[in-house]
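Below are two complexes that have subunit A in common, paired first with subunit B and then with subunit C.
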Partner chain A sequence: MSDLVNVTIDGVQISVPKGTPIIEAAKQAGVLVPHYCYHPSLPSPAVCRMCLVEVEKAPKLVPACVTTVADGNVIHVNNDKSKRARESVLEFLLINHPLDCPICDQAGECELQDYTFQEGRAGTRYGDYAKRYNPVEDFGPDVLYVANRCILCTRCVRFMDNVAGDAVLNVSERGDRAFIGIDPDHKLDHPWAGNVVDLCPVGSLISKDFLHKARAWDLDKTASVCTGCTQGCNTMIDTRDDVVVRLRPRPNLDVNRHFICDEGRSDYRWMNRGDRIEAPLVREGGKLTPTDWTQALDRLGAAVKAARRVVILASGRASTESLGFVRRMVDGASVTAAIKVPLGAEAPLAGVPNLALRKERVPNLAGASLAGYGTDWSAALAAAKGADLVVVLDADLDDADVAALSGAAAVAVIGTVDDDRLAGSALILPATNMAEENGTYVNRDHRVQRYFQAKPAPGMARPAWWIAAEATHAARGLAAPATAADAFAALGAMIPALAGLTYSDLGHTGRVVTPNAAGAAR
Partner chain B sequence: MAIGVKVMKRPEREMSYVRAALKGMALTFKHMLQPKVTMQYPEERSTADERGSYAVAPRWRGTHRMLADEQGRSKCVACGLCPQICPANCIKLVPGEDEEGNRYPLIYEIDEFRCVFCGYCQEVCPEEAIHVGVHFENAEYSRDRFVYDLERLTSQTHQVSSLWDPADVRGQ
Partner chain C sequence: MGYPHPPHPKETVVLSKYFGDAEARTFDGWVKRGGYEALKKALGMTPDAIIEELKASGLRGRGGAGFPTGLKWSFMPKNDGKPHYLVCNADESEPGTFKDREIMRWTPHQLIEGCAIGAYAIGAETCYIYIRGEFTEPWKVMTAAVAEAYAKGALGGNVFGSGKRIDIVLHRGAGAYICGEETAMMNSIEGKRGNPRIKPPFPAQAGLFGMPTTINNVETLSSTSHILTRGAAWYKGLCLSNPKSTGTKLFSVCGHVMRPGNYELTMGFPMKDLIHDLAGGMRPGRRLKAVIPGGSSVPIMTAAEAEAALCDYEGIVEKGSMLGSAGFIVMDDSTDMVYEIWRLAKFYAHESCAQCTQCREGTAWTTKILERILRGQGKKEDLDLLLDLSDQMTGRTICVLSDSCAAPIVSGIKKFPEEFEAYLSRAKAPALAAV
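Here is the complex of A and B:
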């Protein structure tokens, strides 16, 4: 095995591929080397000097982020010499760092705070010196730069230069006067510029949208998938008291590395909407009346059973489970099913191959086409005239769409948001939105990815797959799954490409399936 | 009497109550002549300067007080540590930003009914803004008056608790 080298890190022996930086090898050995300038998705300049470690027989401490491992290396991350070096680096960083953790948005998730607490000096030897002071600068649409807190790791500069390809940031001045400068003729308005906020290890680059909204320790984090476009970037939904307060990227090296675009980042307000349908409504003597699920599902089952020509108008935000089970619910009738696909401008991230904000602004386009949904919205609207039943699955309807519904004999709405224009429907059933259910999306590369429930559903709302499966049970006696995991496992019968797959096969990074193959791509 | 009960025959001198009553009254009259020790609370109160045996301890933890800066604004920067550490979950805090970009509490409320007066909020406060007070006289006509808002917390003037004895910080 010539391409593997054996190294010992803090007494742990591991074999890693040749050319691995020490910092990555240490991660595999279960040792975190404290670092600021290093980031796995950025080039390493070794400027912060925080990751200095001792390698036996080397003349002095080496930076772990740019030094590659050599065969037989014995590396000490947590011995006295390395620790003393880190303590000194922290002391230098803290000479000018303000003690404004109480008002800093990063407090609680700040790497300077963490490492200082972990291994910094207890006191300061620079108490008599005045700290450097620079005013807060407005960098762009969503980014503020607090120069005082900056530790000059240059992650933001390298992200804009090497990854975004829009070199508007630099390090201006020198020595202890240095700060991050912005081209005076430009703003930090690249469609992916918001990532500098996540990259910043301290609270120097902060998001205006999130400013003062919540403290890091108040947040509950849930793994999810971005609903902005067909790229399917992995995200983390941060909620505070069951309100979504921000979205952040979740690393997935095969999809979005460590980044999400600004459009995806700001696309969370719809998850918190208050104007929700909370109880099933059925038409009783010409009036919509709230009822219980048993009656509502019987009504839906009866409507489905009686219908010969059915049209499904679905949202591209619906989970693969919901799309599959709603489609199965109307099996046996002649069905026209379509999702609405809003289009926008494509915005690629230059430094990462196959990563862009895509033109098609729905997350589950591929999942919908696997489940038998078309994208020809106007044809579906035309078919709605004269249809026996139109099922509206949380679709975002404009006035023309609503007008087209009037030609249908009956309309059943499985929706999240209360819409007065749909008051003529036969049934209105409350469904959970994406942040309130477990489910999967299939991205444009046919990667099936899970998302998790981040907050409770309002009122009596249930996942759309549950509603459809229970109505199918009422109409045709087919068994209905009880959990999202069961629903996904049963999906293989409807979508051959997903046959044999379960949630545990998908993990947190998803799995690529072959769209036309029967049986899972394993 | 069926069974024999022994009846003591004592001299009159020992059987009389007069002697005992006089003895008791003598003690009473003696105290009338001695200096008064009862304080007529609430008409009369001990003051901070004459800290006698009945002054409230400086480490007493009572209802809260928010300290203000020279401009009279509260010193709170809405860092969120006190609601975090509060074991009774009685502090409500909503942060905001003023015109100069300073962080400050839009809403700061303490429910004094829920408070257990542990003093953690004072201990954790990095700005030395919120304090428990050396104060125990709490009476109101309605329950909701015990939810102290920022204005009330700031306008109170009672002495704040020292939490620990400066001479013996570890309490040894």
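Here is the complex of A and C:
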């Protein structure tokens, strides 16, 4: 094992591959080296000098972010010498900092605040000099630059240069007059530019969309997956009092590294819609009437049992679980099932291989295809004419789609948003949206990824897989899963590619499966 | 010679022999004075033989750090199939230093010849000469000389019929001191912001445009032709003290002396004689107070230290400072040390490239504290604070600009504490207007 070196970091002995930077080796030893300019998805310029650590026998403190481990290194991250150096960097960073934490969006998730609390000086020695002042700059569609808070770590500049390949940001001026400048002929409007807000370790680059919306410590965070396209970037849904207020990237080195695109980032308002279907509605004497789940499920069961020709019009945002169970519900009939796939321009992130905002703007195209759904929407609409039953699974219908429904004998809606145009349906059943349920999506590379419930469902809404499974139970006596985990485990029987997989196999970063002919042909 | 003064008998004129001699600027004039013989000789030698000759001569870098030149050249990879580059550092922005300027003004072909020798020895076909932006006259002289050298076959695709290609590209700086730091210079030549790079990788592995690169000072490269024509043994013999410091060196002397200028001395020459004899000593009625011998980036020497020091790399270290670029800033007893130190700190604060936290914020903060002291508003804890900040600014950053700012402050407070005390105790009237 000559490729491994043995090092001791704060007394912990570990073996790491040759060439590992000290900062990453320390992570593996369970030691955090405080840092600002270093970011695992960016080149390291070693400018902030926050990560200086003592390596025994080295003449000077070394920057842990760019110094690689050597066999036998004894490294001290938390001894007096290293701490004193960090304390000093913090002091230097703070002399020109406005300390406007009470009105700063970053407060509570600010690395300057955190490290200062952890190991900075209690008071200032700067005295009564004026601090550096630069006005707030509007950098682009969603980004403001609050220069006074900037610590010049250059993460934003490097992201735009080295990752986005759109070098619109720069360091302007020298000495303590330096600030981040923007090319006067350009805006920070690259389709992935919003990542600079997450990368900024302080509150210098902030999102206009999130401006003064919530304090970081009031947010609840839920692991999720972006619904914007087939890439399946991992996200974090931030909620405040059960309202989604922000989406941020969640690291997944195999899918999106540390990034999400601006379109995905801003695509959350629908999760908070208030105009929701809240109770099951069944047609009673020609009128839609609220009822309980028992009666509603019996009605749905009876409808599918009686139907010979069925069409499913589904949303590509539906979970694999829901798509699978809704499809199983109509087993035995002649079925045309399709999802609607809106298209848009592809927008790659140049510096990360295989990462792009994809043309197909739905998250679960691959999951739908595994579950037996096609993408020929007009064929499905044509099939609706003369069908015994059309099941609408939360699909986003335009007026032409709605008109096509009139050719069917009956329409059953499993949906989220109240839609007057569907008032002629036989059944309208309230479903959860993705932020209100646990589920999985399958991305374009057949990575099956979990998302978690971020907020409660309104009224009587239930996950669509539950509705379909219970109706199937009512119609055909098949056992219905009680939880999303059970539902996923049962999908293997419908989608061979998922056979044997459980939620715990997927972890937080998903699992790539091999789509086989059996799964796709169904 | 001590141009603009006639040479002093105690000088050893090698590099400066033709300073002030306008004919030496032309190609023919330079050839008439024995020029380009060294280059022709070099082209008949193997690169290794040249490097060995330089190693034997003991020549060390004249840009500040004093790194052995032959050894530096030997770090360049051999037969790696990549383009190599030589960069000549003619950015000379170190306060108090003006020797490279005179080399370029009067003996441009001396530098061109040295560059060509260096390029050949390290396997480079291209040499960039990075000339300080403010050097308008040297720029003109160098531009004309390079054109002439091409016309006469000393540069270009077939140097003196050897079949070797050597090109020289003149690159004009835009007025940033930091671009004199070698890795910042490479960025600047590449068209990027002149920020120093982290090492490793070292320039010999990945330098200009990512290719193996050697960077040398104007004076270093200019010395090579003389070593090749007169021999390493001759050069090594030019030594009055420590055998690790050989050859002649141009000393720029400025400040409170009667005859400021460049003086070319054999290494190991007594500093006392340089200041009091060659440079003409103090003005009448004035006494020597302090010397900063290495440009402004080294510790300040007291009069006693300076007068006891020998002018070479080791001799000045022994007396508490460093040779640096050998730009001597001489100060007599009329000097307000606090004011001078403030002025230097202000220079570094202005020139910091702003990458490293300690340097960006530390140089500016330090300047503000010194300013406050000069305004008569200093606090008694200010000296400890200055020393503490300097401590944190030393050995912590990508390049040594930060350390350079700290050096005069630490030595100044240590060696001239009473001058600081005078301001702090309000015994002395403020030197700057209070705000």
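The rule is simple: the second predicted complex is superposed on the first by the 516 of 522 C-alpha atoms of A that agree within 3 Å, B and C clash if a C-alpha of one lies under 4 Å from a C-alpha of the other, contacts with A are read in each partner's own complex, and residues count from 1 in each chain.
Quick note on the criterion: contacts are C-beta pairs under 8 Å (C-beta built on N, C-alpha and C of every residue); 3 or more make two chains touch, one makes a residue touch a chain.
Keep in mind the model is a prediction, meaning the values are calculated, not measured.
Participant: In the superposed model on subunit A, is it clash or fit for subunit B and subunit C?
Facilitator: On the superposed model, which is not a single observed complex, subunit B and subunit C fit side by side.
Participant: Classify the contacts of A:E173 with the two partner chains as first (subunit B alone), second (subunit C alone), both, or neither.
Facilitator: A:E173 contacts subunit C only, not subunit B.
Participant: Given the touch rule stated above, what does A:A302 touch, subunit B (first), subunit C (second), both, or neither?
Facilitator: A:A302 contacts neither subunit B nor subunit C.
Participant: In the superposed arrangement, does subunit B or subunit C reach more residues of subunit A?
Facilitator: Of the two chains, more subunit A residues are contacted by C.
Participant: So, A:A46: does it touch subunit B (first), subunit C (second), both, or neither?
Facilitator: The second partner, subunit C, only.
Participant: Touching A:H212, do we find subunit B (first), subunit C (second), both, or neither?
Facilitator: Once the two structures are laid over each other on A, A:H212 reaches subunit B alone.
Participant: Just to be sure I read the superposition right, which of the two partners does A:A493 touch: subunit B = first, subunit C = second, or both, or neither?
Facilitator: neither
Participant: Have a look at where A:I95 lands relative to subunit B and subunit C in the superposition and call it first, second, both or neither.
Facilitator: second
Participant: Counting only touches as set out at the top, which of subunit B and subunit C does A:A479 meet: first, second, both, neither?
Facilitator: Neither partner.
Participant: For the overlaid structures, how many degrees, to the nearest 10, lie between subunit B and subunit C at the C-alpha centre of subunit A?
Facilitator: 90
Participant: How many Å separate the nearest C-alpha atoms of subunit B and subunit C in the overlaid structures?
Facilitator: Superposed on chain A, the two chains' closest C-alpha atoms are separated by 26 Å.
Participant: Which residues would you name on subunit A as touching subunit B in one complex and subunit C in the other?
Facilitator: Common to the two interfaces on subunit A: nothing.
Participant: Residue numbers of subunit A touching subunit B in their complex, please.
Facilitator: 101-103, 107, 136, 211-212, 215, 217-218
Participant: Under the definition above, what is the set of subunit C residues touching subunit A in their complex?
Facilitator: 176, 178, 193, 198, 349-358, 360-365, 368, 372, 379, 385, 392, 395-398
Participant: Sort out for me which residues of subunit A touch subunit C in the complex.
Facilitator: Counting only subunit A, the residues touching subunit C are 45-50, 52, 59-61, 63, 66, 85, 88-89, 92-93, 95-96, 125-127, 129, 151-152, 154, 170-171, 173-178.
Participant: Within the complex, which stretch of subunit B touches subunit A?
Facilitator: Going through subunit B, the ones touching subunit A are 77-81, 84, 95-97, 101-103, 126-127.
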